[in-house]
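Note that the chains are named A, B, C and D in the order they appear, and that numbering of residues resets to 1 at the start of each chain.
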Amino acid sequence: MNEHIRVGIVGISGYSGLATIKLLLNHPNVRLTYVSANTTQGKLAEIWPQLNGKTKLYCEQFNADKAASLCDVVFLAVPHCVSMEITPQLLAKKIAVIDLSGDYRLHSAAAYKKWYGKKHLDPRRLSKAVYGMPEIFRAKIAKATLIANPGCYPTAAILGLAPLVGLQTKAIGSIIIDAKSGVSGAGKKAVPSMMFAEVNESLKAYKIFCHQHTPEINQYLSIIAGKEIDATFTAHLLPITTGIYETIYVELAGDGFSASKIHNLYKKFYKTEPFVRVLKLGEAPEIKNVVGTNFCDIGLAFSKEKHQLIITVAIDNLIKGAAGQAIQNMNILFGVPETTGLA
Amino acid sequence: MNEHIRVGIVGISGYSGLATIKLLLNHPNVRLTYVSANTTQGKLAEIWPQLNGKTKLYCEQFNADKAASLCDVVFLAVPHCVSMEITPQLLAKKIAVIDLSGDYRLHSAAAYKKWYGKKHLDPRRLSKAVYGMPEIFRAKIAKATLIANPGCYPTAAILGLAPLVGLQTKAIGSIIIDAKSGVSGAGKKAVPSMMFAEVNESLKAYKIFCHQHTPEINQYLSIIAGKEIDATFTAHLLPITTGIYETIYVELAGDGFSASKIHNLYKKFYKTEPFVRVLKLGEAPEIKNVVGTNFCDIGLAFSKEKHQLIITVAIDNLIKGAAGQAIQNMNILFGVPETTGLA
Amino acid sequence: MNEHIRVGIVGISGYSGLATIKLLLNHPNVRLTYVSANTTQGKLAEIWPQLNGKTKLYCEQFNADKAASLCDVVFLAVPHCVSMEITPQLLAKKIAVIDLSGDYRLHSAAAYKKWYGKKHLDPRRLSKAVYGMPEIFRAKIAKATLIANPGCYPTAAILGLAPLVGLQTKAIGSIIIDAKSGVSGAGKKAVPSMMFAEVNESLKAYKIFCHQHTPEINQYLSIIAGKEIDATFTAHLLPITTGIYETIYVELAGDGFSASKIHNLYKKFYKTEPFVRVLKLGEAPEIKNVVGTNFCDIGLAFSKEKHQLIITVAIDNLIKGAAGQAIQNMNILFGVPETTGLA
Amino acid sequence: MNEHIRVGIVGISGYSGLATIKLLLNHPNVRLTYVSANTTQGKLAEIWPQLNGKTKLYCEQFNADKAASLCDVVFLAVPHCVSMEITPQLLAKKIAVIDLSGDYRLHSAAAYKKWYGKKHLDPRRLSKAVYGMPEIFRAKIAKATLIANPGCYPTAAILGLAPLVGLQTKAIGSIIIDAKSGVSGAGKKAVPSMMFAEVNESLKAYKIFCHQHTPEINQYLSIIAGKEIDATFTAHLLPITTGIYETIYVELAGDGFSASKIHNLYKKFYKTEPFVRVLKLGEAPEIKNVVGTNFCDIGLAFSKEKHQLIITVAIDNLIKGAAGQAIQNMNILFGVPETTGLA
């Protein structure tokens, strides 16, 4: 393409917003034209001193008209329950929206109310948003106007399970997802439980049986499987800044499985995917190998005796779990080679 | 008692050895009389500079005669496959042994060979060693001469599951233990994978389906249940020095369970235990609340809909998971109040 | 002594308060009788879950009458500018006060105003408070009614410099103190700059030329030297929870010095001190060797060529730098052996 | 330019080597054609799993002929004392060398012997190597055949001091550099003192008065000043993976200085430099703002009263302190825009 994609970001005071800015500033086909935030205005390079010398942009209060006049696409890195107010304004002005919040991921307004605790303000659009997971929904993404960018935990969970759930649907029994995440997933708000001395040298499970990513995971696994999937999902807070690790336990009925058969299934499923790396049999991923990248690393171990598959998945929660995947979606949407700006 | 217990430690160059020394130096009924190590000799306060000013002991090469002449009981904080060489020598001299290694925990020499990779040198004693978990085997510990101190992972797993497995045996379905541990559990040897830059800001699963603590967990759960238990156990390395966290998923058959019923079961089971804290319903433990203590914190969450119990357990791997529990065992063995030196 | 010292703590919601509670609960001559806090009331074991099972105390709003009726001595672990309101009330009721805040450390009300930003409310008492550094002011502490417990940075700085400043006064030239501290020194308030993701994997200098511990250091160094000392002090925030490290550069005039002469000076000065460890020549302390203890470790390196002494000092900021030193002071004040409860 | 620069790296098993590979793989004008290591051979993507999917290169034992046939320039990321064996072989074949080790930084073979402990094997070339600090020696770098890439600590120290030392030479009094570094600077070798549990939650000074970067700093400061400079340099090990922070204390004679005058001096000196950011007066850098970048951030604070300047400097030790600066040098050498591949 001859011209740059003009891109705006709404919500730049959190870690996802920062990650999005950093990637977009290095994207050869993008011109970052507009940044806004609700609580913080001023020079972007003063809000985030690490951007000093890289941008002269000024962050202002959100204004839909201004955003529309300056952008071809807007990334929303706002908290949930905010995106559903902004999205309709931008779509009305024919601006494509890539929403990093959870507002358009669930198809049911009732489920949204239950898990996010608020009535949805734009319920009719819930069924029209496209879930921005390129490995599964690439064709739809290419034609979307509203992309619901997947949550960080669901990205790892769904990529880890999709080949199995999609191709061995009948054999799937109980699924347990034990997830561990660095703190940047929680946003930048100053809350006592996220202070250094509270998180450091510790670990805890949180929101057991009630994490809002649970219905997102199950909704899309069910779509992929073509049958109801009800996985258990538990989140833990790790004393690291960035990274997600999920250890997934799947019961597999039948005697036809072997480690290498399952491994081949995954290798084949992700054969042409630029950002999914299926490790050798017997290897497990490590968070450090994906931090700073858009890769999703998947390890597989199978016990024939126990009819049990253990899938281990690692991603960078801010990149493949947020900003990187969002840019991958943008690339698809604008017909740019999918890996551009993400190498 | 009028006199001090004379205590020796064999294997003081690792973190369990250090933790044992530190606790014993503060124990009012103990005189630490003998320390030895295979690879490092010299002043104890130079081997571990943090002990400077606290002890004048000299660490020497192990000598069974000398140990026997100076000690009433010897703690073995040696690597596995070493303890089984030393233990028979000490027992022959009528010295009580508390073994922190894995050498006397499994009852079957064949299982030992399979999971530890070496032929057991003292197989006949395997069935006579007493498993040093006071909450379960207190009466036997009081009369033991050889105490097999539990592994760190098994301590958390068994304490987390004992009430359920012991009292609701029939309802127990599949059990999955997702365990996370700080690095001190791996010992102090300089290996590339344990270097700061390799562990920091990362996480990985390891020894999937083949961790040597798996048979230990299942052997004792089976004893407690009175039926075969075959839990799945997965270990992860956390970027922290000390602490273990286990998230345990149990399938519970039948409709008779409720969260409060299970909670009461646990409260009652551990009612008089000084070192097990059953948290309020809905709370999950945090590693930071047990580090530096002999406590085991247990959280419970139950989904009636899913017939699923999630037990979360936190311990300090070097204290309740090693040195602290060993001293608790010593207290029982010598008739000292059980919490002495552990408050 | 036959009876317990009845102790109260005002300000238990911060890390110094917690450290004080933990030490006092293990002190054989103490009964903790009263705890209060301004912002948080309730069961102490719920405010600090790690105390679960160790205390049944209830934390209430501060009341001077109640505190006086229940206590022989009260520790103030409140923020500065609060202590000067509470202290007069307690002293009026003949209760001894050990103040962990900075309110009574400076002798001049004008200096207090300059460095703490507020007018002092109890200026006449400034010259009467005893600075609670046992190694220097032990005799005065024994007779004090108000003890100004030293700041964490000043404790390391003054202990590191006292022998030299006191005994080689004339030779002392410029002094530079480069200090590094873990986050617990900053208290538990939720501020953005102390969030895990902001502190982790980073370091920064702060309050250059304007840290409030500067005048405290210089005031007491000047007293010890008997001449004006004007050391430069710079603080840095370390990505660790606990510990202070100070690297002190001293210009030494004259040709009479040698490394061993200086080393002997320090060894002699601290010969009978239970909590100061002068390391061997050529060794430098490490934070990990003092964490969890009341020790102050001091390393010395001298370059005759450069007429320069480098003193390295490590302490646990919450123990020797706060709670531990406070209890050491209490022991002296009540005639209990000085190391009691601190081993 | 039309063609790619063909680049080789010798020594890819350490963290500098990895950082160099990662930057070069993303450099638009570079083709990475050759990688070798002494101890590890095999697929590069297996040696460093994070490179999986990014390169198919095979790492082999070093062979000068092969390297010469495949490369226009070779980066040496080998330990010191190895580079001086390899460099002459490559130069003999007319291949440009960028040496990341310390072998060609000191001008005197005697100094090399003293600080690196080994006789130099290629002493005649010591005076011919160009010190690869673009901000100071850009013109020479453009014509060099052997570039001695600066050490990590010296990079921060010299950039922090160059404007002052170069332009206010007469006023300069004593200089003290208190430096703190993450562990990656020490290389990847498994040594006990660099194990996670030894480094984590701690800090220590090391090699006081005898760190090999001291003469490097003083040699180049002296060259810049045109007079002998003898700064004191102390290194500390931080519990982080990446980053260096230096706090530099300079005595400034005379009354002509003011904070803003000094600040302007620095702003002007670095005005056109793409990778040096002089912060606003009163601000101090933070390691997190430079990690992952080639920036050097400099903060300034001046006390007129004390005639003292405190300079704070932060860099990423693996990028501006090693690989990034090396690539900046390569860009200059090959006439590529200097920031290429470093944004």
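We take it that a contact is a pair of C-beta atoms (placed from the backbone, for glycine too) under 8 Å apart; a residue touches a chain by one contact, two chains touch by 3 or more.
If you're wondering where the values come from, they're calculated on a predicted model, not measured in any experiment.
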| item | value |
| --- | --- |
| Required steps from chain A to chain C (each step between touching chains, minimum) | 1 |
| Computed distance of Cα centres, chain D from chain B, in Å | 47 |
| Between chain A and chain D, centroid-to-centroid distance (C-alpha), Å | 37 |
| Whole-Å gap separating chain A and chain B, where each centre is the average of the chain's CA atoms | 39 |
| Multi-chain contact sites of chain A, meaning residues that touch two or more partners | 198, 201, 239-241, 286, 288 |
| Arrangement of touching chains [line / ring / star / complete / other] | complete |
| Residues on chain B engaged by chain C in the complex (per definition of touch) | 25-26, 49-50, 52-54, 201, 274, 277, 279, 286, 288-290, 292-293, 295, 297, 343 |
| Parts of chain C lying in touch with chain A, wherever the complex brings them together | 15, 183-184, 188, 190-192, 194-201, 239-241 |
| Chain A to chain B touching residues, read off their complex | 174, 176, 178, 180, 182, 198, 201-206, 208-209, 230, 232, 234, 236, 238-243, 245, 247, 249, 251, 284-288, 291, 299, 301, 303, 306, 308, 310, 312, 314 |
